[in-house]
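Presented below is the structure to which this report refers.
Per-chain numbering from 1; labels A, B, C, D and E assigned in written order.
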Amino acid sequence: EDVLKIGAPLALTGGLADEGHKQELVWKMWTDKVNAAGGIDVGGTKMKVEVVEYDYQTDGKRAGQLAEKLINDDEVDVLMAPFGSGHTKIVAAVAERYQVPLVACVASSTSVYDQGFEYLFGTLAPNTGMTESMVAEFKAKMPELGTVAIYGRDDVFPKSMATATSDSAKAAGLEVVYEELYPVGAIDHSAALSSIKALAPDWIYMTGYTQDLILGRKQMQDLGIEAPIITMVTGPAYKEFTEGLGELADGVTSSTWWHHATGYTDVAGAWSSTDAFYQDFLEASGGEDPDYVHGSCAAALDVVADAAARAGTTEPVALRDALAATDLETFYGPIKFGANGMNQGREMPIIQVQGEAIKILYPENIADAEMTFLQ
Amino acid sequence: MSAILELQNVSRAFGGIKAVNDVSFKLQEGEIVALIGPNGAGKTTLVNAITGVHTPTAGKVLFEGQDVTRQKPFQAARRGLARTFQIVQPFPRMTVLENVAASALFGGHPESVAEAHEHAARELDFVGLGHVAHSPASALTLPNRKRLELAKSLAMSPKVLLLDEVNAGLNATEIDGALDLIRRIAARGVSILIIEHLMKVVLSLSSRVLVLHHGELIAEGPPAEMVHDRKVIEAYLGPKFAERFQKEMAGA
Amino acid sequence: MAKKSPWPLIVMALWVAALALTPVALGNYEVRIAISIAMFTALALSWNIIGGFTGYPSFATAAFYGIGCYVGALAQRAGVPAALAWLAAAAFVGGVSFLLGSIVLRLKGHYFAIGSIALVDISRLVVSSWGGVTGGGNGLNVPLLEGRPPEVSALVLHVMLVIVVAAFLANLLTDRSRLGFGLRCIEQNEDAADMVGIDTTRYKIAAFVLSAIFPGAVGAVYASWVGYIDPTDSFDILTTVKVPVMAMLGGAGTLLGPVVGAVSFVLLEELFWANFLEWNRAIMGAIVVALIFFLPGGILKLDWRAILRRAPRGKPAERKTG
Amino acid sequence: MGFAQILANGMVLGTLYACIAIGFSLVWGVLNVINMLHGSFIVLGGYLTYFAWAYTGISPVLILPFVAALLFGLGYGLQYLFINKVVSAPVLTTLTLTFGLDMILYNLMTVFFTATPRRVSMEFGRLEFWGVAMPVDRLIGMGLALLLTALLFVVLKTSRIGRAIVAVRMDREAAALMGIKVNHIYAITFGIAALMAGAAGSVFAMVFPVTTNLSGVFLGKAFVICVIGGLGGVSGALVGGLALGIIESFAGVLIGPQNAITVGFVLMLVLLIVRPQGLVGVKGYE
Amino acid sequence: MPETILEIDGLAAGYGDVQVLWDISLRVEAGAITCIVGSNGAGKTTLLRTISGLIAPRAGSIRLDGAEIGGADPDAVLGAGVAHVPEGRRLFRGLSVRDNLMLGAYLRRDRAQVARDLDFVMETFPILRERAGQDATTMSGGEQQMCAIGRGIMSAPRLLMIDELSLGLAPRLVETLGEALKEVNRTGLSILLVEQDVLTALDLASHGFVIETGRVTMTGASAQLAGDARIREAYMGL
């Protein structure tokens, strides 16, 4: 058989359905694109690519079960992890046991990668990288920046972001005046925000799911909470956020792993430039902008294809070694895996909602706007 | 002959109302005593107080000389202090036999499940329910349910039996059958306190009658006297029935 | 009292043997299904003791299961060998359920149902707030079991089956001992049970604990199998409701009911989930509804014993027999 | 931070909570059914309001009555067709049935609405008095919630339906002998409950983003509130809701949002044990 | 000949697979007190439940003043003028005596008349006025029985059916209740009485029926029945 089989458990229903559909979309875009170009060259033979996907209904148990089904019944050569660090962990355990390479495109918590798994790779870079550059950038833009309040959802990704931010801030000499997590079931944030209001910090950093962030921003407004900098990770990266908030979104900053305004050109992979991807995406999605999930996942497939090409075979162990040796420039940016399998040394964009648009404040080389302050 | 059950100034209040107020009496071994009184006088409450369903708010309950005032219902049952319910309470979806076996197993003296069934079967024959042993309790007619209640309490091989209106709803003829059964139970050496509004039962069974009114004992004595007692007629019998019963007693 | 037929035993033995053989006969995926069948069979059997025999509508299964997950995981992370960790989890959960039982078992009917559901939520919240120990929302990584996948799954399956057998024996003994007799009395009329000399409190707690330890063990084993647990998955409200449904599907209060129920439910779920991605939840719902209307006594309803034991519906006397 | 502010937050949240719980409490108290559908009813109300608003631009306040009416119909139908058939069965049966129905409804909603959070975004700004900041939309929500609650209270207390509902709860057969159409009353009750849930959803959508995933959360809140307040329909839910809102608000500030919800649950468990009838619930509903 | 208010012909009824009533036929005289006696499980309660529409008849007809009410829903039967005071009182827990009485008038719209009837009931049973505010179910058995009867009267029926009038009541109360019933009957209300205490029953009623295992086996004027040897032997234990 000359097909490169890629297995993908997806959350097409349940709580993470929206995220699942994003992945599904780029899986399709990528396979069409590659197969249209005749497939990929593996050890001399042109191989078509195929993504085998199943819905795991945002149910962790089921995600693991599916990974196993993909490996055993569908005999996939490599797995793509589902959305989120939690479910990635479950699938990673299975992949590790079967020694099938797993590429995670939406798991950024180091806790996923520090289990010493051999077969796990991630295209997102560590959260810490993100938070350090952010603190540095803001401090540069606002020298008098002294106090920060941190408020996050008690869930794998937001929690690690909150902790990382708090560490980076302390390291940079900021005072963390408030640092709390809210449980998953929380539907109201008045209590926390009222406390924050009383502390009047220079910088409010909130991290959680889009619906929480929308509500959080609105309640800040309602309670008359103002601060020069309001960061909501990763709200602005999602169109639901800006749509849900309207002008209230204006001025909110966030870091993200990728933004379509990042202009990488003549790179390897299915798309020769960020813009090429962007154009294709607009078409595929009917005019909607891609976010980092789309970018990272599409790039993850590029990585797989590249590894297969270099390995010259789809045999898992060889494929794994090839992946480990990856050093690739994609439309999404440079990808090079560290010892723990995580993508290293990328400069991740800091973005800000300005009017209707999402502007990039950092890194300089792709920045397209000056940071504005809310106060 | 010694008192097997003794109440010393027992009271039980519910919030405001004193349902039972400072009641004292002795139940001698082997005797049948009747407890009568208007509705709401506190008869059922008294039984509940004796069996630990409602612990007395004051006073003492002595069983075979030992203080059992604070006992739990299941302890009362195991001691041999059995009672029937004014509102019959079978295990509806068990067979009649299982119902009685339960009492034998838990209330009686520890035996194996098998023994319990044998014992139960004997008691069923004794009360005359042998023929329906295997039908579900829910299918019994009222008189048979009452008999089942009796069988259940007998299966605990009780020393004292408290019968709360076991005959209510039976007509005169059915009552005759019931009377005979109760006599046979007494013959087994069980001491009985019987609550009844059916004077026919009271008068023909008991050697002694206690009259409860507003939670207090207002009279006590042999049946023949009670039907003439002014207080009792006033509070309980009413002139018309008093007359009827006086006749009956005279007749008997 | 129903006569003791040997059939439940025989059927059960054959069934367990069949499951135990899946690793040699079938592929890993089927083994995985076998494992979840075993898991849910154990859970349903455990529930049967409190929910079936005693008639207390307990929705605490997920609490025991979840606590089991965490105790097992933490023990293993602390270096305790897997097998010991599993036993420890069972024991610990047993203790916890004893304490919780002596509290919530004072409640009856709807209040007990709510109370038991609350147990699930509270344990979840405690586990996630107690980040220092449990990793909170981050979840916990559990050391993976050694060995190649087939061996590992086979091992997990067989351990789960051991738990199933244990749970089944617990049911069997309960069913045929004075304990079971007492529990059935409580199920039908607690006051009367008290009156015939049953120490209802002690009996109920016993039942509650029995229905807790096996889920505890199951959770622990599950944890070391998947290698990662988090509060939302471990204390899942869906699990807690599924289990009683399975028991009812087969026939609550009977010996084989929970077994049959668990098998059919898991297989149905597989079937629908494989074939009707979008709609599988609705379909499961439809099945549950149908179950209530068309199989009120469960699949084993035809078993004549069930006729005497099943939960009361409508006019009891309409089911006069004998 | 200002005591007044925390209290205010708590009370506003509390009234919304009350609104969430009333229907649940009613069904539990009267039909003796734990209605697992309740959370989804609220979510449904929220979504319907959102889409009606998004497509017509009509003010949600005006949309609310229609949504409420719609859910009344739905509730009446479900009760009449399904739940009535097993209404006198033990809790396990009825709870499971409503759970099954909920799986269906939930699935329908995820398919048609997806899990995307929706919010009726109308910026009303806020009022400030004595240093207490109050979002206007929440005040409106609070107002509506109170209005609905009062309305229901009056209906249950004074109307024939109200008396019939109480009678049916106590003794179906005796009620029938009073000439009360029992099944009809049951269905009405369930309808009213669904209606209140739908209305609550509308109100909610004006203040919070709603997503299908919230149905479980709403249900959980309803549990807690009913137990805290007690099953007495309106008054119980109101007291319970306010209590929970205020407790969560203070707990959130004093011991951190992390534990706020836990406190609510623990309080509920304690009350279950020491005072099953709840703070203001009438004894005998147990 | 006196006119009849209730006519039953060939009535059969039961529960599930148990048939309880077999071919029951009887006439209830308007404005009189009629009693039904019979041993336990004979089917007396079942008969009343069938008349009041709680159970659907399997055969036969039930006519009230010539109009068929067999198989009608309870509310329709009550609307037609038949009230049923059930075995064991069945008062509404948690509701005051007054509310219980008012529920009797649930179907009625004529507020003024309802108020007058409430007054009448409280005249007839003074204890109810005394306890008007108390939770009905915390009263003693006898008081509850009065409340139940009062509740029946409140629905302004033309025929009042009472099951087990004296069950569990102190003799004195039975006497009082008897007087009260005669009182009520004088206002022209027909009464159908099920009673275990045959002496009391026949003493209250002008006319009686005997039901055995679901069949009417005897009927006649009270005096005549009271004199009948079989009755004395079977039901009076004499």
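In the analysis below, a contact is a pair of C-beta atoms (placed from the backbone, for glycine too) under 8 Å apart; a residue touches a chain by one contact, two chains touch by 3 or more.
All figures in this text were calculated on a predicted structure; none of them were measured in a lab.
Enquirer: May I ask you to list the chain groups that still touch, directly or through other chains, once subunit C is left out?
Expert: Without subunit C in the graph, we get one piece.
Enquirer: Identify the chain pair with more contacting C-beta pairs: D-E or A-D.
Expert: Counting C-beta pairs in contact, A-D comes out ahead.
Enquirer: Using mean CA coordinates as chain centres, what's the subunit C-subunit D distance in Å?
Expert: 31
Enquirer: Between subunit A and subunit C, what is the gap in Å from one C-alpha centre to the other?
Expert: 38
Enquirer: Let me have the rounded angstrom distance from the C-alpha centre of subunit B over to the C-alpha centre of subunit D, please.
Expert: Centre separation, subunit B to subunit D: 49 Å.
Enquirer: I'd like the Å distance between the centres of subunit B and subunit E, where a centre is the mean of that chain's Cα atoms.
Expert: 30
Enquirer: Which residues does subunit E have that touch at least 2 chains other than itself?
Expert: None at all.
Enquirer: Hey, what residues on subunit D touch two or more of the other chains?
Expert: In subunit D, 110, 220, 258, 261-262 touch at least two other chains.
Enquirer: Which positions in subunit C touch two or more other chains at once?
Expert: 125, 129, 278, 280-281, 312, 317, 319-320 - these are the residues of subunit C that touch more than one other chain.
Enquirer: Any idea which subunit E residues touch subunit B in the complex?
Expert: 37, 39-41, 139-143, 164, 167-176, 196-199, 233-238
Enquirer: Would you tell me which residues of subunit E are touching subunit D in their complex?
Expert: Touch residues, subunit E against subunit D: 52-54, 73-75, 78-79, 83-84, 86, 90-95, 99, 102-104, 106-107, 151, 155.
Enquirer: Quick one: in the complex, what on subunit C touches subunit D?
Expert: 51, 55, 57, 103-104, 106-111, 113-115, 117-119, 121-122, 125-126, 129, 237, 241, 244-245, 248, 252, 278-282, 284-289, 291-293, 296, 311-314
Enquirer: Which stretch or stretches of subunit D touch subunit E in the complex?
Expert: Listed in rising order, the residues of subunit D that touch subunit E are 160, 163-164, 166-167, 170-171, 173-181, 282-284.
Enquirer: If you look only at subunit C, which of its residues touch subunit A in the complex?
Expert: These residues of subunit C touch subunit A: 27-29, 32, 36, 125, 128-129, 131, 136-139, 141, 144, 148-149, 152, 226-228, 230-233, 273, 277-278, 280-281.
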